[in-house]
Structure formats: structure tokens, C-alpha cells
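Data block below; observations after.
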Amino acid sequence: MRVLAFIIVCLTGALLLYGTGEFPDWGDPQSPASVHLSNVYIEKALEQTQVPNLVTAVLADYRGFDTMFETAVVFCAGLACFLLLRDFREKKERYYRHTPTGVILHVKDSKKIIKVGKEFAHMDKNWVPSDLIIKSVCRILIPFIQIYALYVVAHGDFSPGGGFQGGVIFGSSLILLAISYDLKTLVRRIKEKVLGIWAAVGVLIYVGIAAICMPMGGNFLDYSVLAPLVWDPHHVRALGMLGVEIGVGIAVTAVMAIIYINIVSEGRHEEGL
Amino acid sequence: METIVSVKPLLAVLVTLFVIPILVSSSSKPNVRESWIFIAGTIKLLLVLSMLPVILEGKQIVLTLFEIAPGAAIAFRVDGLGMLFAIVAASLYLVTSVYSIGYMRGLDEHGQTRFVSFFALAISATIGAAFSANLMTLYLFYEVLSLATYPLVTHHQDANSRLSGRRYLTFILGTSIGLVLPAMIYCYSVTGTLEFSTAGIFAAGELSKPAATVLLLMFVFGFAKAGIMPFHTWLPAAMVAPTPVSALLHAVAVVKVGVFSIVRIITGIFGVELLSEFNLGVMVMTIASVTILVSSCIALSQDELKRRLAFSTISQLSYIVFGVALLTPQGLLGGVIHIAMHAFGKITLFFCAGAIFVATGKKYISQMSGLGKKMPFTFAAFFIGALGVIGLPPSGGFYSKWNLILGTLEAQQTIFMLVLLLSSFLNAFYFLPIIYKGFFGKSEEEGDGPVKIQEANLCLLIPLMFTAFISIVLFFYPTVFVKLINIGLGLL
Amino acid sequence: MHWPIDLIVLTFVIFCAIAAISVKDLLGTAILFGAYSFMMCLLWAVMGAVDVAFTEASVGAGVSTVFFVAAVFRTSRRTKD
Amino acid sequence: MDNYPALIVVAPLLAALFAGIAAWIEERLSYPIAVIGLAISTFSAIMTLMTVIASGTIHYRMAGWAPPMGIEYRIDLLNAMVLLLVSGIAFLNLIASYKSVEQETSDRAGSFYTIYLLFVTGLLGVTATGDLFNLYVLIEITSLTSYAMVALGDKDRGPLASLNYVFIGVIGASFYLLGVGYLYLITGSLNMMDVAGILPALKGSSTVLVAFILCMIGVWIKMALFPMHVWLPNAYSYSPVAFARMVAPLMTKVMVYVMIRLMVTVFGFEYIFETLNIADAVVWLATLAILAGGVMALAQKNLKKMLTYIIVCEIGYMVGGAWMGNQLGMTGAILHILNDAIMTFALFLAVGNMVYKLKKVDLTDLKGLFGKMPWTMTGFVLAAFSIIGVPPTCGFFSKWYLILGALEKGAYHFAAALIISSLICAVLFFKVFEICFFEPMSEGHGHGESHSQVAIEEAPISMLIITGFVSLSLIVVGLYSGTIVNTIILPFLK
Amino acid sequence: MTDLLPLIVAKYNYWLYVILMMIGLYAMIAKNNLIKKLVGMNIFQTAIILFYVSIGYKKDATIPIIQSAHGGGHGAHEAAIHAADYINPLPHVLMLTAIVVSVATFGVAMALAVRVYQRYQTLEEDELRMRLSEK
């Protein structure tokens, strides 16, 4: 296998290197890629879309159709992880911790349910005592991370960032919550159903904004026809982009959380990192 | 040539196709089912016959259904040859359906609905092949026929029929896909058309002699239904089928479609002139002669009656190929008319074999001595059928054989005339003893008492008498068929 | 003149890549892979692709590594190669 | 309404999202939502095809931007036909799927339909788009959904098969992406028409050559051309029946479409057949694919597996035809996209019915099936005849064009391979028929058991109707293949 | 030497991307552990992204965010925008999409790996093959 792999890899490498022979120099401002389309984008985008971040302008407007499917891909991944791993069966073995004494109970028969409350708490198999410092630091950090995520989404028009990055950061804050406390805390706060619905709703916001353009008389995704609906018709394209970015953000957040929860708990949503 | 556009050929094909759903839905009521078969068969025959006057006037009926590619459409054209074949097939279908009612019920066979449905499908395909205007349509119906006959051949669904079915398909499908299809596509890619025409489709110089030889061989062997050796072994194997199947399909429809296809190839695709220019007729004649002689010899050694008939069929089919390959008017006439003559003769023989089996359960010739006294009508018909196959008056077979021999003289192929004579001799040798034994031999079980007539039921008896009768009639009045052939081959 | 920085970072990237696929501990692979992604992100930032770099920083070095660790947590750290 | 081209793709996407939401709230709603979405899509595809036939190529600008800047849907005769094919088959299959989904993935039906619709969206998008990069994104949607589906079907071996599929799929998609990158680097554009306009000036460039090779390898991996086919049989035979019925006929065919699109529209015949000299090698590869697919199919003991190898074999037909470099071969390849999709669909529908009743479809499980499931078997037989290439089923006519193309080019080995594969398929299917027809062996000669019929146990009526419809359409499409060639394929190639 | 250095400067980015890609591809094909293969897959994909980003790079140009407009609103860009001043944004857009796709694939693949492990208790290919043939 290794020999075969080596041969294939060398062949591919040789082919690719052969292809680089006639490449324009790296960073050459006159290379076809930097001249043909990009100039149009650079020179016209601000005027046409009122968005100074060219990447966002191209991403959410000129090639917004790509981005829509990109979001669909993310949604798909979340759904796939859910379908692959989610296991609704209750686990047979359970561990409980008697809070006052610290004694750990191992219940093998799932029918005996110990009431979780003041005295007893659910516990993971590989449980580690929660660290107060980590908990507190994360508790303080998470809101800031989330605000930063919102900033990244909202400010995507002017600075690096956008719905996807913001969504990932927001998702990470949720994951951080799960890691610093435990998975159950996250699952208790944000129900699986909510995540599932928000993932779809996020994409739906995108597709919905794009699709509304059709009955309004424009082509699919043509934000300009939405002018009558918004308060600032001059910036209608920028607003449209903001709208879809928010959708992307929601979808990505939910999907990141779904993927993490399912992988780390093998789909049982009970215990994990 | 004057042509008339009409849907009659299509209707003639479809009528037995459309009756299939009715047959299936009335499977629990055998009488209703059989009456539908009868109605469909009659309509079919009437439709075919209604086209006869037009054809005899020298016109043709055409109908193009689907244009697949330029020059290769799914289209019908009724000409003399097609008409001849269609009349034979449609009339014998009617007779056979009566016969099969008697046979299947007499033996209380299973799956009768399946049987009659595929029977109807097969006959549709046969008529379609007869009316095909081009090679593609012909190939289409040829394949449909092959596949429709498979469930008939394997009707008993036992180990034996499984093997036979496998052999049947291997030969029929293998040759048609492996040889005919490439040859056909090659023809199309060279000429851009597959339309049959008496002048052939190849323009002068389009085809070299080696290419023509290979193509012709591919076609002749590829249409394995014609049973040219060495692609004949499916035919005896297929005799495991119920006798009506053997009778209609393996003596009439299936094998005749094979021969008919070869006739079409020689007269419609290559054209007589091209072949005589390349002198390829002799090659085909040689192949046919070998088949005639070898299979006649094998027939001599067969004890099972149906197998002997099967080998006889193989040799008789080669007569037709032989006649057409003579490439002379007499030869062509003799060859093509043998389609009809042999059909009536051979079907009589098969009917008799089936009747004997139903009435007495006997399959082997050695068991049949003395049986003629019990079943005089059956054996009389057998005698007439045998005369037809051997080619003796007063049966139609004489007419075709006479023309064949004239054809060899016309083509100055004396050696081949000897082949014909020799084979007739062999034919006589393997048929006449059966009849002799049947009438004059002593059966094992019978005592000295008066022989009781113990014929099969009327459903079996009437058809075989009828076909025997037609066989004789054709000796005296072959004119319609002769005229059809002359029109079809443009010999007038 | 970006290219010297570029070249150095690229070398690091390749080093991390080779290390990531040859370390015999999957958790180590996870961390090296995170480092690889982060280097890559630096590289892109140098080349002016700020958006891509941002994304790679949050995805490649962040979430991917977490997924990776989660998967290793649920499977095993052991690897033969 | 001018938005039909967008609706074809967007309707299933929207439906997927609503179905995804419904899966959490009221699962029963997912199915009707999916049906409505695909019905709209199919309707739009029909309207689009009619418009294209009547008034020529449609250009639909996404977001209203002119082509090289924005993404454009460019729908000509070829993709209009494939669009209708994809949406039609997806729609019919959805109707037939209700029962089998209930049986196989009852607890997650809502999510199943969501993935299903996303997959269809991906395929439709791949077909409709006129942008090279957009194509990549959509290919990834189809891949991701099919990874999930493969793992979902066979709980036991599915995940591993799916993971292997992921590796190969990613390599394929990445090669394609690289190829697009090379093209972008040398032309500066991503729009197919734009690139096609720039390329002729760069004829001798090694970059273009590498770009072409990379794109082709990527697409070949995705369509499972012979040495790159290893993922397909496992992936398709382990996925849930309702999904396999759609992915088997459509996925590879759409990839063949992509190949033809790249060849005809982007790189151009002139470049491929006059500047490059690899056509002969590819035709040889296709020949090998046909033979290898057939031989490997012969070795299978499971009906589903056997059929997947037949798909590998059929891929060879289309690739060979497309690389013949003449009009006849290309006509055959395009016609075969249509025909093969329908006949594979018919086959898998029949197999789906069998699985519904029998659970397992190893060849030995099929005994006596003609008696038990006569209607299903009728459909199966028709589809099998079409694969073998028996007229008047449609398989014959595309084979006809393919062989004509091969003869015109002088590629006799390819013609021979086509004939041989017909024979192999005949052997294969008659092996199956024999098992279904003869076993259990009846005693003696079958006399005396005239009315002892086997009890008929057919699949649900919804599945049967679709099976029957599709099987009949095999013949109808076959008979009208002349019309299809004259109204769609030849005008496209001119 | 004087010729070589500019050549290296001009092309090394592309060469190194090829090397990275070869590393990734090799890991995908030859490695025995499925997770290692996944790492290879990711390296492979990032190499392609590197390639695209390299295409977009322009000497003496800045990041593709128009500066004059920032905070100034639409009135502020009287000064014409020169294409040569900004890096080509298009490859960046494409690669954002590609990164998202790759992380999505990665997530699904990880989920699959977990499933495979649940079933076979191993992620080594040779052991998996043994398990499969045992059955």
C-alpha cells in the first residue's frame, strides 16, 4: 500500500509541478487572476453594494448563491452527525454522586431511578471534580466571547469576519460551556430540539431572504428589489447581506453545537467532555 | 411501386398483444380465456387476409411508426414475402390455438394462462417480423420473439427444461447480440440505411468481397433460429416444451422467422446481384448442404419422435436457405415457397406426435408399432405430412422441391442437385418406417381381438386433419403463394 | 518584502504537517494539527487574506481541534503509525 | 414567470428546510412538504425544458449580476433534459418511498426526507449551474448527504463503507477544485462560458492541460470510472433502499453530465480531440471499465451488489461514447444518460420492492419470485432487457448510437466491449431469472398441479404503480428516442 | 544564482503547496489509522486553500477592505479606487466556502469514525479488515 501510495503521490506531485511551469509569478499584479474579474470587483463593489469589505460583498452578494449552498452544507453536516450518532435509548448503567458525602453510586439496572436533587447528582463515568477556577473564568469569559461573536457577525461588512466566523465563535462559546461545566449543563440550557430547529431556521433566513426577491420582481437573491421593505433603501444590498449573515451565524452556531454534542457523547447526550 | 399507408399491419401485430391483459384477467375462467384467444386469432387472420388483394395488385402497404435515426425507423411494409409468411403464421396460429386447448386441457398442464399469454406475444412478434420494413424492425421483433418463447420452452419449470432453456437462450441471444447486432450496425454505418430493397442497400463498390463474406456469414449464423449448423443444437433441446409450442413455434414461427430473416438479408440487404457478382451463393449453399445432410443422418438415429422431427426441421430449414442462396428465380421461388409448404407439412407431423402423446402417452418411435390401427386418422395425417416433407406428390412439398431442383439446374450446380436428391431419400428413410410400423407393425400389448379405435379428442384431431388437408390443397393450388413470391422478389 | 516571513512560516507549516501525521499519539496529532492550522492562518494573514485567516483561526485551530479531541475521547488515542 | 430555473433548485432546498423544522415539531408533516417541494421542482423543470426547446438557451442571473461577475444559470437543451430527469426521478422515487422509509428509518423519517431533499438540491444545482466553483459546492452537498445516507442504511457495515467513501469522495472533489483553481489562475474567471472564451488563446499551455486532467480525474472518481470505482458498490448497496433507488440512477449520471459539460462547453472539442492525444487512451479505459464491471458483476452473490457493478459497467459506455470524439458517440453518451438513469431506476425500484418484502436480496433468497411478486418481476424483467439492450427498450437505442460512433471512429475494441457486455448482462440477468422462475423445482413434469398457485405477496400499491410506470416508460422512451435525439441532443451538439 | 533566486521567490509558494498536498495525499492513502487519514485529508484540503490564496496575492497591495469608505459612508469615496491597491478578493471568497465545506466534511467524518469505533472497537485499517473477514 505504501509503495502504491508513494507512486500515486509522486505522479500527482509531478503533474501538479508540471502545471506550475507556466504560472505567472507569485504576487504578480498582472496575472490573469488579478486582472480579469478581480479588478471589476475591487473598483465597482463599493459603489454597487455599499459594502467596503470586498470579501463580504462578493461572498454575500455577487456570489451569494455559493454561500447559500455553503450554509446548506453546514446544515447538512449537522443533520448528518445527528442522524449518524444520535441514540435515543437510555443508557443502562448510571452513576450518581451523593453530594453531601461524595460517595459514588453505580446503578446497573436502569429501572431504578434515583431522584436527582439536593442529595444526589448525575455523574459521568470519567468524572473529574469540577474546578472552581476554570468554572468561574469561563463563566466570566463566555458572555464576552458571545458579544464578540455578535460583533463579528454584525460588523462583517466593514471588517474581517461575517456570519460564518461569528457563528463559529458563538458555537465555540457554547462548547466552552460544555467543557468547563459538563455536557448536561449545556444540554439542559439549550434543548436539542431548539438547536435542531435553529439550524434549519438559520438557513431558512438566508434562503427566505433570497426567495422573497422573486415575488418582489427580481431574480433570486437580488436584494435591490427589497428596497421598499427596508428603512434605508440606499443601503438595501448591505442590509440584505447583514440579514443573510445573521442567518448564516444562527445556522453555524447551532450546527457546531450539534456536532460537538453528538460526537462527544456518542449521541446519548448524557456524558462527555 | 405504389404504396398505401395503412394501420392494418400495426393492428395485425397488436391484436394478439392487446388480448394478453384480457387473458390474464380471465385466468380463472378457462372457457372465456380460450374464446378470447380464438377471437383474437380470427381477427388477426382476417386483418392479414384483408391486405392480400392489395398486395396481389402489386402495391405495398407501409406504415412508419417511430423514426429512430435516418434510414432506421420502426416501420412496417407489407410486401409479397411478408404477406406469404404472415398468412402462414396467422392461419396456423388459429389452428394451433384450437389444438393447444385440447392438448393443455388433455394433460391438465399448470400455468395455462401464462402459456397462452406468451403464445400470443410470440405470434405478435412473428407477424411483426413478417411485416418489417427494415432490418432494425426485423431485429426488434426477432429479439422479442426469442424472449417471449423462453417461458414457453421452459414451461414445465423442471431441471430438464431449465437446461434446455439455458441452451436455447445461449444460442439464440448469443448469436443475435454477438453476430447480428454488430453486422447490422456495420451495415448501417456503411450505408446509412437498413431499408429492405430488392436491389440491396449497398451502392456499387461500398463493400469489398471479404467484408461481404464476413457480413453474410455473420448474418447467416447469427440468425440462429434458422438452425444452420453448428448453431442448431437449441432446436432439439427445445423439444422439451409442450407440443403446441414445438409445433407452432419450432416448426413454424420461430424457425421460420430465422429463415425469413436470412431470406430478407439475401434478397433485401445484399441483393441478389451483389451476391452473384461476388459468387457468395455457393458458400451459403455449401453450409446449407452440410446441414441438410448431417441433420438428416442424425434424424435417422433418433428414437424420440419429437426429436426426429426436430432434426428433420433443421434439414428442411436449410432447404429454404439453400434455395435462396441459389440466387436464381427458380431457386428463390422454391426456397421461399418451402416456408409455406414445410410449415403445413411439419405442423401436421407435430400435431400427430402430440396427439399420440396425449392419447397414449407414448413418445418413442419404437413404442408406436401398431398404433396406426388404433389411431388411423392421426396416422393418415402423419403420412400426408411426411409426404410433404419428403417432397412427394400429392402434397405441397413436392412443388417446392421441384422448383429447387429446377433451380440447381438453372444455376448449373449439379452437385447440389445430388445433395437434394440424396436428402429426399434420407427423409423418406426416416419417415416411412414410422408409418409402415404404425399401420402394419405389431404392438406389444395388444392381443388378437378387434382393434378399438382410440383417437385423441376432437380438439386435437380436427386441427391435424385440417393442416393435412391444406397441405394437399397446396399441391393443386399454389398459385397465390407463387404470385406473392414473384411480387415480393420483383420477379414479375 | 513579505517573502522571508512567508518562507519561514511555510517551513513551519510543512514541519507541523509531517509531525501531525507521524506522531504515535492521536491527542498529540490533534494538538499538532491545531498548530498546523494556526500556522496556516498566519501564512494567509501575511498574504493579505484576512477573512480566510480569521476563518481558519476559528475553524481550523479552534472548532476542528475540539471535534478532533472529542472524537479521540470517544475512540482511542492509540495508533500504529 | 421567469424564475423557473431558480425554482427548480430552490424549491427542494426550501422544502428541505421546512421538512427539517417539521421533523422536530410534527414529523408527519415532513413527507407532504417533501412531495410538494419536488412537485414544484419537477413542474418547473418541465416548464424550463419546454421554454428551452421553444426559444433556446435560458440565462438566469443569480442576484441579478451579469455572468462573469455573478453566478449564472445557463440552461441549454442538455441540462434542461437532465434537470427534468433528476427532478422527475427524485419525485417518483419519493412517492414510492413512503412505505420503505416507514419500514427502514421510521424513527427519523423527517431527517431522512431533509437529507433526501438536500441531495436532490445538490444534483439539480450541479446540473443547472454555469459556474465552475458553484458546481464544486453543490457536488459537496451531494457527497455529504450521501455519506450520511450510506452510513444510515446498513447499521453494521455502513459506517466503514461510508468513511471509505468520504476519503475517495474528498480526493475526487479536491482534484476537481484544484483543476478549477488552475483554470482560474490562467484565465481569471470562473464562469464556464467566460472561461471557454478565454481558453482558445491558451492552447498550448501546460497549466490548461493540467487543469483539464485534474478536472477529469476528479469527475471520474466521482462517477466511479473503472479503476476509481472501489467506493461505489459498497456505498450504494449499504444505503437505505429509498435512497439507493435515487442515488444509483442519478449520481453517476449527473457526473457524466458534468464531464460532458466540461468537455463540450468549457474546454471544447477542438482542444480535447485536436490538441490533446489522450482520447484513445480514455476509450481504452472505458473499454476496460465495461469489461471489468461486467466480470465483477458476474462474481456477486447479492442482487444489489450485482446491480452496482452493472452501474460501473454502464459508466464505461458513457465515458467511451463521450470520448469517441464524433457526433454519433456523443449522441449515444447523452442518450445513455437518460436511458441508463431510467433503467437503473426501474431495476432498483424492483429491487426495492423485493427488499421490502424479503428483507434480504441474496440471489438465493429470490426463489420462486415470479409467482410471489409477478408485477415487480415484470418490471424487473423489462429493466433487465433494457440493460441487456433488447429492442424496443431504450437501452438498445443508446447502444446503437454508441456502437455507430465506435465504428465511425474505428474503435472496434469499444464496439466489441459493448457487445460483450450485453452478453454478460444477459447471462447475469438470466441467472437471476432462472432462480426466480425455476426454484423451488417442481416435481415431475408439472402435470396435475394446474391450479396450485403460489400466494401472491406483492409490495404496496404505491411502489407497484411507480415500478410499472417507470418500466413502461422504458419502452416509450425507447420508441421515441429518435424524437429525443432530434429535438434535444442534435440541436445541442450543433 | 542570480536567476535562481527570483525564480524561487516567484514560485516557491506554489511548490510548497504541492509538497503539502503530497503529504496529505500520502497520509490519506498510506496511513493505517482512520483518524490519521482524516488528518491527511485536512492537510490536503488546506494545501488547496493555500494554493488559491496564493493566486489571490498581489505585491504591494493591501487587504481587500476599502479604507476610504470606512466610517465615511457613501460620500467619501470620491477618490477613485485603484485595483492595483487591493488584493484580489475572489479567491478569498471561494476559500471561505471551501473551508466551511472541509470542516463540515471533517465533522461528518469524525462522527463516522466514532460509529466505526463503536462497532469494531478499533480504527486501524488492518484490524478492521481482519474483523470484516472474520464474519
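In this document, chain identifiers A, B, C, D and E correspond to the written order of the chains, with residue numbering beginning at 1 in each.
By our rule, contacts are C-beta pairs under 8 Å (C-beta built on N, C-alpha and C of every residue); 3 or more make two chains touch, one makes a residue touch a chain.
Worth saying up front: this structure is predicted, and the values here are computed from it rather than measured.
Under the touch definition stated at the top, chain A and chain E share these contacting partners: C, D.
Within the contact network of the assembly, the step distance from chain D to chain E comes to 1.
Under the touch definition stated at the top, chain B and chain E share these contacting partners: D. When chain centres are set by their Cα atoms, the one at the greatest distance from chain A is B.
The most central chain, judged by C-alpha centres against the centre of all protein C-alpha atoms, is D. A count of C-beta contacts for the chain pairs C-E and A-D puts A-D on top. Centroid analysis (C-alpha atoms only) places B farthest from chain D.
For the pair chain B and chain C, the distance between mean C-alpha positions equals 78 Å.
Chain centres here are Cα averages; for chain A and chain D they lie 32 Å apart. Averaged Cα coordinates give chain B a centre that lies 43 Å from the centre of chain D. Chain C has its Cα centroid 19 Å from the Cα centroid of chain A.
The set of chain E residues touching two or more other chains comprises 9, 12-13, 19, 25, 54-58, 61, 63-65, 90-92, 94, 96-97, 100-101, 103-105, 107-108, 110, 112-115.
The set of chain A residues touching two or more other chains comprises 16, 20, 23, 31, 33-34, 37-38, 41, 53, 55, 63, 66, 70, 73, 76-77, 80, 84, 160, 164, 259, 263, 266.
In chain C, the residues that reach two or more other chains under the touch definition are 50-51, 55, 59, 63, 67, 70-71, 74. Pairwise chain contacts present here: A-C, A-D, A-E, B-D, C-E, D-E [touch as defined]. Of all the residues in chain D, the ones that touch chain B in their complex are 385, 388-392, 396-397, 400-401, 403-404, 407-408, 415-416, 419, 422-423, 426, 430, 434, 437-438, 441-442, 444-452, 479-483, 485-486.
Note for the complex: chain D touches chain A at residues 3, 6-7, 10, 13-14, 16-18, 20-21, 23-25, 60-65, 68-71, 107-108, 111-112, 114-115, 118, 121-122, 125, 131, 133-134, 137-138, 140-141, 144-145, 147-148, 151-152, 159, 178, 182, 184-190, 198, 205-207, 209-211, 213-214.
Those residues of chain A whose C-beta lies close enough to touch chain D in the complex are 15-16, 18-24, 31-38, 40-41, 61-66, 69-70, 72-73, 75-77, 79-80, 82-84, 88, 193, 196-197, 199-201, 203-204, 207-208, 210-211, 214, 218-224.
Contact residues of chain C toward chain A in the complex are 50-51, 53-55, 58-59, 62-63, 66-67, 69-71, 73-74. Within the complex, the chain E residues that touch chain C are 9, 12-13, 16, 19-20, 23-24, 27, 31-33, 35-36, 39-40, 42-43, 46, 49-50, 53-54, 56-58, 61-65, 87, 91-92, 95-96, 99-100, 103, 106-107, 110, 113-114, 117, 122-124.
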